[in-house]
Amino acid sequence: MTTAEHKSDVDTLVRMYRMLARMNRSRPEARGSQTLYFNLLAEYYTRVSNAHRDGKLLAAHTVFFPTEILYAMDIVPMHTEMTTWLHALFLREQAELLAKGAELGLAPEICSPHRGVAGIFAMDAIPHPDVILWSNLICDNTAKAGELMMELSNSPGFFLDNPFQDSPGEMDYLVGELEEMVHFLEEKSGRKMDWNKLSEMIEHTDREIELYREISELRKAVPSPMSIVGYLELLSADYMFPGQPEALQYLTLLRDELKETIQEGKGAVSQERFRLMTLFVPPMYMISSLGNLFEEKGAVSVVEPMFTRWSEGKLDPDRPLESVAKKSFLIPERRSMYGPLSQQALQDITDSAEQYKIDGAIYWAFMGCRHTCATIKVMKDLLNEIDIPMLTIDCDIVDPTITSEEEVRDKLEQFFEMLEDR
Amino acid sequence: MTYSNVTDKLINLERFRIVNRSFPKTEEILDLKRQDRKVFGWLCTYVPEEIIHAAGILPVRITGYTQETELDDGSAYLYINNCSFSRSCLQMGLKGEYDYLDGLVAGSTCDGSRRLFDLWQHYLEVPFHHMLTVPRKYTERAHKLYYEQVVMLKEHLEQHLDTEITDEALLKSISVYNESRELLKKLYQLRMVDKPPISGAETMEVLNASQRMPKEQFNQYLRELLDELAVSGNEYRGRSRLMVTGSVMNNPEFIRSIEELGGLVVTDELCTSTRYWSDPVDVDNHSPLEAISRRYLNNFPCARMVPSERRFDRILQMAHDYKVDGVISQIIRYCVPYAHDIPLLTDRLEKAGIPILALDVEYGTSGSGQISTRVQAFLEMLETRKK
Amino acid sequence: MIFTGIDIGSRAAKAIIIDDDAIIGSTIGDTGPESVKTAHMTIEAAMKGPGISLDDISYIVATGYGRVLVPFAGENISEISCHARGINWYYPSVRTILDMGGQDCKAIRSDAEGHVTNFVMNDKCAGGTGRFLEMIADVLETPLSEIGELALQTANEIPFNTICAVFAKSEALAHLRHGIARSDILAGLNDAIAVRCLTLLKKVSIEKDFTITGGIAKNKGMVAKISEKVGLEPVLAEDPQLIGALGAAIYARERYLGKESEDTGKVQYGYNDATGDYYITIDSERCDSCGECVSACPEAIFEIVTEDGHRPKAVVAESARKRLSILCPGYDSCSSSFKVNCRSACSKDAISLSW
Amino acid sequence: MNSSLRCWKTVRTMKTLGIDIGSLNVKAIVLGDEGVIGTGIGPPGDDIEAGARSVLELATRQAGLNSDSLPSVATGVGAKLVSITPQQKSITTCLARGARYMFPTVRLVIDMGAESTTVIKVNERGRLADWANHDKCASGTGLFLEQMAKLMNLPLEQMAKLSLQAKGRADISNTCAVFAESEVISHVHRDPPTPMEDIAAGIYYSVVSRIISLCKRVGIEKDIVITGGMALNEGLVNIMEQELGCEVLKPEAPQTIAALGAAIIARENAEKGIKT
């Protein structure tokens, strides 16, 4: 492929999001925060697509990566998994991406987003990254994805080794790793780290975390004000532009909207009948039809312990690097997926079940995510103890060939019927 | 397998077979328990056995069924998408095969094994359980962290047993384990020659036993076995010399199925075999704990470590030393660390002119059915290459 | 001279009988639950045509799932090697083979001699195998032999989400319930399968010429789809399902007569089985027909022959060729127990033993 | 206490229809005050609507009624495709109700159809509490057993009996139903061949232990009721009981339980209708 061609792949994303934003403006009922979110993504991919033209370093990185550091160094981040998902979503190229991954010899048991990432690199469908950054947070897949990406794009790379538990020594280790990465990036980009800028971002990130907590609080309201679609937006805000003013803007706007909805006594769905706990994430490609089904059935996802419940703790702008390290210990995914299966993590499941008055839980069993699915039985047992049923749906978050939409709809309808029955 | 006058009655080999047949409930272990000695289970080669041994405890490695059996409990608890190794182990645990364990020690090596540890703890509470954070790098910083982790394990043990684990005790354990590594190395050197006196399947029996019985006793048996082999005049040879790589695998039947097709397995890159015995603990210029932590982090690496090049280089080196004609990579479904390496490893081996056969298997497979067809075709392919 | 290859597949049992370079008999039948019985029935059926009996056949090679349980076969060779060799007999130009059998699907690369240079096989999933199509065929209540044609009649094929045999079946049922045409369902399935095959092929990298062997190669609809995806017109044997058996037959002849290769006058006698190679090699260039070996060999397996147009040379006696495994203990053992033997006796150093 | 029982007293001469439109069979049940008064089973055929109609004719005729007047509920994969009734309930709910009606003590329903296996947890109030379908690439279905029996040229019952005599047990791969066949084939073609009874045992074990794994996901609790066409296969049920270590309850017409449940729900709805 020529540069022009595969620039266009990312440009398609930009066009798509601009279009979505435009459409929203013409729809009065559309959420302002969503429109903003679409614009933010459009800008994000504009930056990606123009990085080289603007003489900036383009860094491809795996999920849950401390991109604050990149933004502080004026390096353009490209979230590999997200980009692959969106690519698949909008350009309808799941099959091609995954087939490409298979040709490389990647077994179908490997997490599909990462097979897709390998595929998208092999297809050369995204702007060529100048550096590859990856980390073992969140799983073996992210830990192993990097070297293949380096080979395929033949770019230099840095592996950020994120310790498993949280002893003081491990915290020091992570800070040391971050220092080394900063040196690596300074060398590759020829730019020095701007520590003040980083402190500023830490300040933002800290406020963002506060906003996440506030939003989670607001969702306790009956009826609950936020839709399942909003949940996924919420996640990408931290995945893609943490510590950025626009993220702050987005979250603030979202929070105010939710407050408003609550004051008006409205809910995310016109008639709330089932308050659900979502465990892991539903398939990306189903999200809109899922929204419709939830509206139709009066179901709303009120809490996602694995993704939206941040651990207690504050960041300290005066110690930016330590704060970046600390953040990776605060994120919900660390407690629920990456770290050891702690009593704290389990307690949080039952706590949120009660605090949010949920009627049932849906566990999206993503076949590629082994350490998550290993907790299905444990969580089911916990929830059943407090008489809350849990539905498990085998699925794949990007590959529609694993579970057909029909199947999922079927299972959900049965589940709602069952909740009705109780 | 063609051989001239192989005396199948190697007494010491039989001793090892007996241990493996009755494991986990072997006579030795049950005896120890009767004398209320403690027995700990360990989960991965990044767990420093010497420390457990120095505390006067018998460390045994947790392994699963040596057949591809239905994993009803395993799948119900660990779900269907965790590797059949962890499911198989958990199922044995849930069925009470390991009910004698006084402790369980694991490392944060891969998602499968750490969740196995989590669920084992959650559903089968063991009196003592400890998880070491194992860094994925070899940097000085990583060594410092891993050293701290090893110290923490020691202190946790001391506090649990309310005794002190002295440097003397550690040095003693280290020498016992180093001797074992030395003897196993000798055994492997016998396999470098054109007509090795011992087959791959037999070697697997030895290595299984080495992780299931008191080391001192094992060393004695192995010493005697080496003497036996020296005079046995056994000679194995095959159509091709093979190396087995990939996920955890400890089923001699699998190796035998390859060797019955005429491929002689002369070495391997398995955490149950080569990666278990290679590299002694070097106590010359380190404190015992330091020496131990260095050995375990620097040992022949697992696919989890970064950069993988270090592992690839050692594989290529071995392929050269053992005059390997082809590599059989057996990867358990959902063994992500190894599955991810296939594209890179295949490339390295092809450059070195060594063909690789990538098999996707379930843990405990005896290599029947389609697998044997692939292996036979691979051997035929290697032959036509030779001519 | 007559040779036979027998291919006991997972679904179908095939046999081919060749006389020198001509196919004089062949058969295709079902594989029964008892391997040995199946083997006998198959060979009987194949021998009917030319009206011969087992004694007329010089040597038999077995392949396929049931290859180890063919009592009358001299040795067994994996179907992967046999398919490569078989198609080479028809089209030496073939480099890439897609073998679509009853239970598995293989992509094979081979060289000009029909030797396998690389291969991959479908992983632990039956999607896209003959068995899979059988299941679909009876879901659609259409005979297996007709689904190929049927698929070609598609007006607008419907995309299939899965090719997991178990779930594709229920999906097909669902489509049927929604009144979608059988042809469209089939076309959709074939497409899904073809994509999967393409991935297999790309793993071994595709090079011309390309062929499809095995039962499914008779399925026009599937073949059309695959060639569309691969972008190459496959060169097809007249009966692709027999290629495995043919390869085995060719191996049988080769093993029996010894491999004569023009460039070097080396002739190999012997066999190879699961335990290794057992070949006596005579270099006819060097051999001066002195006859030392004839007297030296304790089992007198050598003789001096003169083929018309050739000078006399030492060969392994016809009678001995089939019984070499019994007659010749191999150089190591022989030299230890006897002072002279063929190799040490040969002044021209024209005889060598592989064991 | 059970609402479906309550409505007996309040409602006189109430007759309802339950119809279960499966992928291989349509089943219909007519429920009267005294219990089941009509049963029909038949294939859906090419035209499901017509197939379903003819089956429910069977049932209603047996009950001595004409179908169109009856309050009814439809369930099963095909329920959405027929215009017989607007009332629809999912198969799991219907199974739970039907089993509860047959055996008030039921806590676990194992439904083994030809195509799929479902395990249903019923709470003490007789309501559906949880369920699990068989997962991806599962071989725990009746169809699988039939295919295997065909493969080995044995009648299903014969295969079951054989398996009970087995000394050893053949490994059957635990991944794919169809692929498992090739495992069986290679057992047959092995040298020496694996004994038939061992293969049979392997096959049954692979099916049964998979179903039990499903049960474990929702939690095993007595009494256990086994429904679906495969419940008629005694050999399978025996082995199930062996592996579960307890007796299981078998309704005499196990394949009609879902239809029965549907009929019961129809009755409840009708009753509610009367009340208001």
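By written order: A, B, C and D. Residues from 1 in each chain.
In this section, contacts are C-beta pairs under 8 Å (C-beta built on N, C-alpha and C of every residue); 3 or more make two chains touch, one makes a residue touch a chain.
Fair warning: this is a prediction, and the values are worked out from it, not measured in the lab.
S.K.: Hey, what chains does subunit B share as contacts with subunit D?
M.R.: Where subunit B and subunit D share a partner, that partner set is A, C.
S.K.: Among all chains, whose Cα centre is located farthest from the one for subunit A?
M.R.: C
S.K.: So which has more C-beta pairs touching, A-C or A-B?
M.R.: Contact tally favours A-B.
S.K.: Roughly how far is subunit A from subunit B, centre to centre by C-alpha average, rounded to an integer in Å?
M.R.: The computed centroid separation for subunit A versus subunit B comes out at 37 Å.
S.K.: Roughly how many whole angstrom separate the Cα centroids of subunit A and subunit C?
M.R.: Centre separation, subunit A to subunit C: 52 Å.
S.K.: Between subunit C and subunit D, what is the gap in Å from one C-alpha centre to the other?
M.R.: 46
S.K.: For subunit B and subunit C, let me know how many angstrom lie between their CA-based centres, rounded off.
M.R.: Distance between chain centres, rounded to whole Å: 38 Å.
S.K.: Multi-chain contacts only, two chains or more: what residues does subunit B have there?
M.R.: Residues 76-77, 80, 333, 358, 360, 362, 370 of subunit B each touch two or more of the other chains.
S.K.: Taking each residue of subunit A in turn, which ones touch at least two of the other chains?
M.R.: 105, 107, 367, 377, 402
S.K.: Which residues does subunit C have that touch at least 2 chains other than itself?
M.R.: Those would be 65, 103-104, 123-124, 167, 174.
S.K.: Draw the chains as points, connect those that touch, then say whether the picture is a line, ring, star, complete or other.
M.R.: Graph shape, chains as nodes and touching pairs as edges: complete.
S.K.: Can you tell me which positions in subunit A touch subunit C when the two form their complex?
M.R.: 95, 99, 102-103, 105, 107-108, 400-402, 404, 406
S.K.: Which of the residues in subunit B end up touching subunit C in this complex?
M.R.: Spelled out, the residues of subunit B in touch with subunit C are 1-2, 4, 237-239, 260-262, 333, 355, 358, 360, 362, 370, 373-374, 376-377, 380-381, 383-385.
S.K.: Where on subunit D does subunit C make contact in their complex?
M.R.: Checking each residue of subunit D against subunit C gives 23, 48, 77-78, 81, 115-116, 136-138, 141, 151-153, 173, 175-179, 181-182, 185-186, 188-191, 193.
S.K.: Residue numbers of subunit C touching subunit B in their complex, please.
M.R.: Touching subunit B from subunit C are residues 65, 77-81, 103-104, 113, 115-121, 123-124, 272-277, 332-333, 355.
S.K.: In their shared complex, at which residues does subunit A touch subunit B?
M.R.: Residues of subunit A touching subunit B: 104-107, 109-111, 114, 118, 136, 139-141, 143-148, 151, 159, 161, 163-165, 167, 169-170, 173, 176-177, 180, 340-341, 365, 367-371, 373-378.
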